[in-house]
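Below is one structure. I have some questions about it.
Naming follows writing order (A, B, C, D and E), and every chain is counted from residue 1.
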Amino acid sequence: MDIRKRSLALFYCQNVPQSGIKQRQALEKLYGPSIKLFPLPCSGRLEPLHLLRALEEFADAAYVVTCPEGACRYFEGNLRARKRVELARKIIASIGLEEDRVGIVMNEKERQKSLADFAKELMSRVSGLRPSPVLRPRTGFEDPERKQGDKL
Amino acid sequence: MRRLEEVLKSGKFAVTAECGPPKGADPEAILKKAELLKDKVDAINVTDNQTAIVRMSSMAACALLKQNGFDPVLQMVVRDRNRIALQSDVLGAAALGIENILCLSGDHQSFGNQPQAVGVFDLDSIQFVQVVREMRDNEVILGGDALSKPPKVFIGAAANPFGDPLGFRVVRLAKKVAAGADFIQTQCIYNLERFKKWMEMARERNLTEKVYILGGVTPLKSAKMAKYMKYKVAGMDIPDAVLARLEGVPSKKQAEEGIKMCVETIQGLKEIPGVSGVHIMAIEWEAKVAEIVERAGLGPRPTKGK
Amino acid sequence: MNLNSNSTRKELPEVVRTPSRFRNPIGKYRLNRTTDCIGCGKCVEVCAYGVHEIKRGLVLTKNHYLCVGPDCPRPCYDECPVQALSLRKNPTFDAIGDLRWPPDLLVSTWYMAETGDVPPASLEYRVGASGGGFDRMRLALPPRQVKEEPENEEIDVGIELNRRDDNAHRIRIEVPFYGGGMSYGSVSITPMLSRIKAAAALGTFCSTGEGGYPDELKPYDDHVITQVATGLFGVREETIQRVKIVEFKYAQGAKPGLGGHLLGDKVTEGVARMREAVVGYPLFSPFPFHSVYSVEDHKKHVDWIKAINPLALVAVKVSTPTDVDMVAVGSYYAGAHIVHLDGSYGGTGAAPDIAKKNIAMPIEYAVPKVHRFLQDEGVRDRITVIASGGIRTPHDVAKIIALGADGVCTGTADLVALECVRCHNCESGRGCARGIATTDPELMELMEVEWGRRRIVNLFLAWRKELVRILKRLGMKSIRELVGRTDCLVHLDYMKR
Amino acid sequence: MPRKYVIHTKEVPNRFKAISRSGVIAWEEGCLKCAVCVKTQCVYHVYEHRSLDPRQMIDSIDNECMNCLRCVQSCPKQLIHKAINPEYKSLGDDYWTPDIISKLWYQAETGKIPVSGAGYPGPFSGPNFDSMWTDMSEIVRPTRDGIHGREYISTAVDLGTKKDHLDFKGMELVEESAPAVVAAPLPILLRVPAFGAFEQETIKGWARAASRLGTFLALPAEMNPEEAEAPQSCLIPIVSLPQAQSGQGNGHSLLVEILWSEHWRKAFERMSKSHPGALICVRVPFLKGAEERVLSVAKNGASIIHLEADFHGRSQQDETLLVRDGIRSAHLALVQEGIRDEVTLLASGGIAMAEHVAKAIICGADAVFIDFPILIALECRMCLRCKEGLSCPVEINTAPASWVASRVVNLVGAFHNQLLEVMGAMGIRDARRLRGEVGRSMFFDELDEAAFGQMGYLKEGYELE
Amino acid sequence: MITATQKPIDEIKETISPYKRVLVLGCASCVAECAAGGEKETGILASTLRMAAKMEGKEVTIREKTLDRQCVKDFVVQMDDIIDEYDAVLSLGCGAGVQAVAEIFPELPIIPALNTEFLGETRDQGFWVESCVGCGDCMLYYFGGICPLARCSKQLLNGPCGGSKDGRCEVDPEVPCAWQLIIERLERFNAMDRLEKIFPPKDWSKKQGQGPRKIIREDQQR
């Protein structure tokens, strides 16, 4: 299965291993426009709206990658991210979208995975999703017409 | 003169019992229950949509009992009626010859089969006692309008010596007395020690001289029922020892043991200064009231009235 | 008129512990308390630094910033019976400061301003991270047994400012530094008063900067240096007669070769009145003094001051061009008592970025150059050399004196004591969001004079203490013995192993 | 005195949200919703203006925060933390630092020079231009007050051969057929960068900017826009040897650039014939021994030589060779040969800030080319994605020419003003006087050695503190 | 403050279904405090509705805006410039906000997106409780600062009902018995005598009865 057939908005904590600009660009090269990567100073900075807007504008799925539980530089950022993701999942479920379009993956303390590992894992996870019914007509990532710079 | 008031005033140990109206329009159902209590008790309390479950109206049931020679105690809860309805019902009850009214807050609507109902609680039970007293003694309704004929009713109120905080329970009793309660029927007593303490506090405030206190009892049918009451029913105080005693006998004998314990409680109550009677709430077990009365040495009842 | 300065040593002011104005001071560490906490109060009991607090049965970690981290002899997180506490570096710590003032220096300066003492070992309070100059220099301290160490009380860190032996005031300052100029307008009256009152308490001076001499400073005339700069804002005979030291500002380290610039937003009514200018209009000071194009012109300037106030010391504040040595000697011959070299990496005021780093040389180069030149000219003993521009720590003070200065001027360090975070936005909009370099009435309210005075006093008492400690280790009884002692310094880049 | 040269700038907003250093992390849950919240008190209204740009998924809280930390320090529940914006950290590289890039954006947006308070925050010194200081003096060498326009400072430079004497034939001044010099009002020439996500529209914009500034834009001849789209006289076509032989280049050019090669003379001659009205610049790559090559090119007839370093200001061949030293050597070689004024030395590569312009000139260049700054003016993040074939995050390819032109004018306007600042501080009134003025500058290596060279001895048993 | 919760999304979708251009209008006041209708929630709801519409293949325009306060007309009229772009407004204000907006724009359907709940206080993170019924005749003095009308399930004014046990309410053991709290507080400052008197029936006319209640302060009026 071509894991690039669905688009993924991947938000990640900048403290996830090997998530610098080089690795980020390598991934974008590897997966092309099917992945869009957003570094966060901490996953706890993520609001449900970020996830929803990603789904609304360009992504079949929006995922968050965080530090391992208990290892957040900001103490509880990833725990908060988890709750916010839960809320976003509930919201999309309420309009009939699959909950799995939004999710959170926390790194493991013992065996830390790199951004590339997560990208691979998540790209293959979302490849099983049907095309997002929200992105109709399908416009791909690079459509300049999509401008809705509304307030957060 | 009504039977209950008469018994109490004569200084005799009064006995009342409780009767739940049917979930239907059949008048026989209530009369059949009352029949079991005939001559065993001085008055019969008719509950007002108890536990917020819809039943035949207490007033109608009381009217039926009155017509058939019983002395009913009309229970009225403030949950379902605002002050207009309450006052008009008091007048109606008096007109029907009902002579005792027990003023209650009522179980919360959320417990019953109509949890969506609005809880009125326009007056609270103490205010209601006061309103009825004003109607009877000063012949006015709330706001001061005069009545053409006042309702001459014997006013009761409830008390729960087992609710918290204990200290305030007596204050509340005092307030009910001050509001005009003539008699008090208490919550079921299983914890006699606590009841004694409460009575002592009541005596300290000289309340026993101003009001007749009837201790409430409910025979336990089984350990299961005891457990349910202990843990699920609000305002109940069933000490562990009581539960243990029931559990200590085989389940077939538990009913008998329950009655025995109830009898013992009544005997205990008789010993307490200031207790003027007993109120037996044999929930859907009216058949056993007679036996309890007998075994507690309370029968036969003084015959009088109708 | 008393021409002699009071030779008896002034009593030092006391340290009054003066915590941050803000609810959450920034420290290096943070303790995280989970909901597992049972409120037993063990942490309160074991912590020697007052990090935790118990109130109405609720245990709170109130003063994260006082935590000494892994250096703690009895760590609360080890003693907690339910492991509810964990130690982490404060994430915000890494987001503050810059190379010259790395987070460690900022936090340790705040610590000194609060407590009047040097911080615990977990904070680096001596050098920054700029990778050159002071930050690559170290003091070389002799082995402990070699030199006899004097008692603390014997050690004198004060300096005389008038070394000309003329008729002007004899002035001794009790610490080898005084406050550099920050104009009324670039900062409000609050930090200005705080600095000057602190200078008075410490027995030293503080310069007004070029924005005039506000009346509020009058009670401290004896500790004020009034500045005559190219814009001549608020300069009047009367103000020159009020003080003991008058400072000519030819240039400043923040923007060598450029005149001062006060943005229109900061020219509020009070500022405009003081500077005899119009509200809301930016003010530029010309550069240089158009009346001074030679040492002879400069002498006319000095003579002018001496005519107005014959007893005043004249300080000349110059920048650090290639020929700074010539400038210094010229100043001496023009009659100045103090030559104040302002290096290019300092400055508190707003300046074009291009001017901050590219024009004129860092103070570390200028001082030895001037010191040597004055020595060769045979006049080193006749003039006081004050250095400024990047003096951040007591170690910087010691180093620059060892390089040949007599004393230093402070500026940024004062602001950091007042809780500057070095966000560098002094110039924009309403000015400093922290109420230091602002004339916005609302933002000014963020700070009180007394608080500021105490913070600055505390900081400099800590500096003083540290200088005494260094001198003691060097076996010196007076800071004057350190002047020009480059043999007490080692530069790591040139160190031979 | 030449007519006063003023660059008119006006604010030209970014098309995308600029990335700034700060990041705020604010937990919303547990917020006490204080009546007077620290968020409402933010001097910069960061929280009020907070918005999410869904196209870029940029949360403006990272871009508007000015790092004053008041919210962090005053939130009663300590729900706010500071971070450095990861997008900021990933801007550019070691040379094109986030700081340089964001300052260039600021200048292109506002046309103003970057000003900040509280002293200099950077390293003591660094490689290349970072280890130079320019000189100034307050007394013995008076400066002129030119920065605020009270006195005129000329930034004009001449490109070409400056005659050291005039030729007369009898009483008549000899008129030469070809122009000896072309004047530029400032020593900054634009140059199309080596790579970038730009389009023909972008080039049009750059050409217009060059025209408005009165300077030039060097560009590969094949990119040359139509005459209708840009005035040809401000363009410097860069012509390859085969192109030269086929006579390419436009007829209106005042300047043409050819590449040095073994056969550069051939191209030079061919161009001289086909473009009789143009000065020909020879671009010499900055390799080891470049000064020799510069000298030889100068001696062989070229009047303008362009020394080209890589975009990090180093030799394309050897990373340890720095353009600063390359310019100095070439300049000195020409001086020693006594032909310095017969040629114009242009420099390019790694000119990232206004200070680099001044410093390159002090090192000996007559003028410089700026290339990547005119791309960064268009919000380029130096992410090099375009080099990898990835999409441009700021869609430079879609930027209209008018916007491009105004942004570049702003940037150069700010550079010009900064040049005035430096020259004013140095007391130099004419950019031509700045060239090679190493006596008015200071070099780290010399100063450091002189000041600290003797401070390397640590006596036995002594401790360092 | 006034608390509210968002209506189920299906109900909201149903009520806005006739309209093509909908403005989702938040309120930065009380409902923002209780995380139901502030700027953030407004953004989330608008985004959700846009996605829902796209899923159903509907061509609709849904945009969001948040007013400082919907219940103050001065803020509402600020929308005058943009209101023509919409067929309907989906308001995340409280009931008062919805009606104030409706009154200013009589020609426009104003649809509530929230259920207005009660006057409450923030007890804890994400936890709001009712604490006032707005009876118009505050008796908190007598009850030690705890209102039995709001916090006793039976609104008793003369002491706890029989169901008060271990400080819990008989209706919901999660809820503390208001009377227990009242008594504890009054005991603490020796003011139990305040409860000795019988509180007369409450004058409910101040709460409801003669149509909507009004407050008129003549000194404040123009």
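Criterion: contacts are C-beta pairs under 8 Å (C-beta built on N, C-alpha and C of every residue); 3 or more make two chains touch, one makes a residue touch a chain.
Nothing here was measured: the structure is a model prediction, and the numbers come from that model.
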| item | value |
| --- | --- |
| Partner chains shared by chain B and chain C (touch criterion as defined above) | none |
| Between the pairs B-E and D-E, the one where more C-beta pairs touch | B-E |
| Chain located farthest away, centre of chain E as origin (C-alpha) | D |
| Farthest chain (mean CA position) relative to chain B | D |
| Chain whose averaged C-alpha position falls nearest the assembly-wide average | A |
| Chain C and chain E: spacing of chain centres that average the CA atoms, whole Å | 55 |
| Distance from chain E to chain D - Cα centre to Cα centre, in angstrom | 60 |
| CA centroid of chain A to CA centroid of chain C, Å | 49 |
| Rounded Å distance, chain A centre to chain E centre (Cα mean) | 35 |
| Shared-contact residues (touching 2 or more other chains) in chain A | 42, 47, 49, 53, 56, 74, 148, 150-152 |
| Touching two or more other chains - residues of chain D | 23, 28-29, 52, 81, 83-84 |
| Touching two or more other chains - residue numbers and ranges from chain E | 40, 43 |
| All touching chain pairs, where touch follows the definition stated at the start | A-C, A-D, A-E, B-E, C-D, D-E |
| Interfacial residue positions of chain E with respect to chain A in the complex | 8-10, 13, 39-40, 43-44, 46-48, 50-52, 54-55, 57, 63-64, 66 |
| Residue ranges of chain D touching chain E (in the complex, touch as defined) | 28-30, 32-33, 52 |
| Residue ranges of chain C touching chain D (in the complex, touch as defined) | 20, 22-26, 91-92, 94-96, 98-101, 126, 130-133, 135-143, 146, 250-251, 254-259, 261, 284, 286-290, 292-295, 297-298, 318-319, 321-323, 326-327, 330, 344-362, 364-365, 368-369, 390, 395, 403, 412, 415, 420-430, 432-434, 437, 443, 470, 486-487, 489-491, 493-496 |
| Complex contacts: residues of chain D adjacent to chain C | 22-23, 43-44, 66-70, 72-76, 78, 81-84, 103, 113-125, 132-143, 145, 147-148, 150, 353-355, 358-359, 418, 421-422, 424-427, 440, 442, 444, 447-448, 450-459, 461-465 |
| Interface residues, chain B side, partner chain E - complex | 79, 83, 105-108, 110-111, 119, 121-127, 130-131, 142, 158-160, 162-165, 167-168, 171-172, 174-175, 178-179, 187, 234-235, 237 |
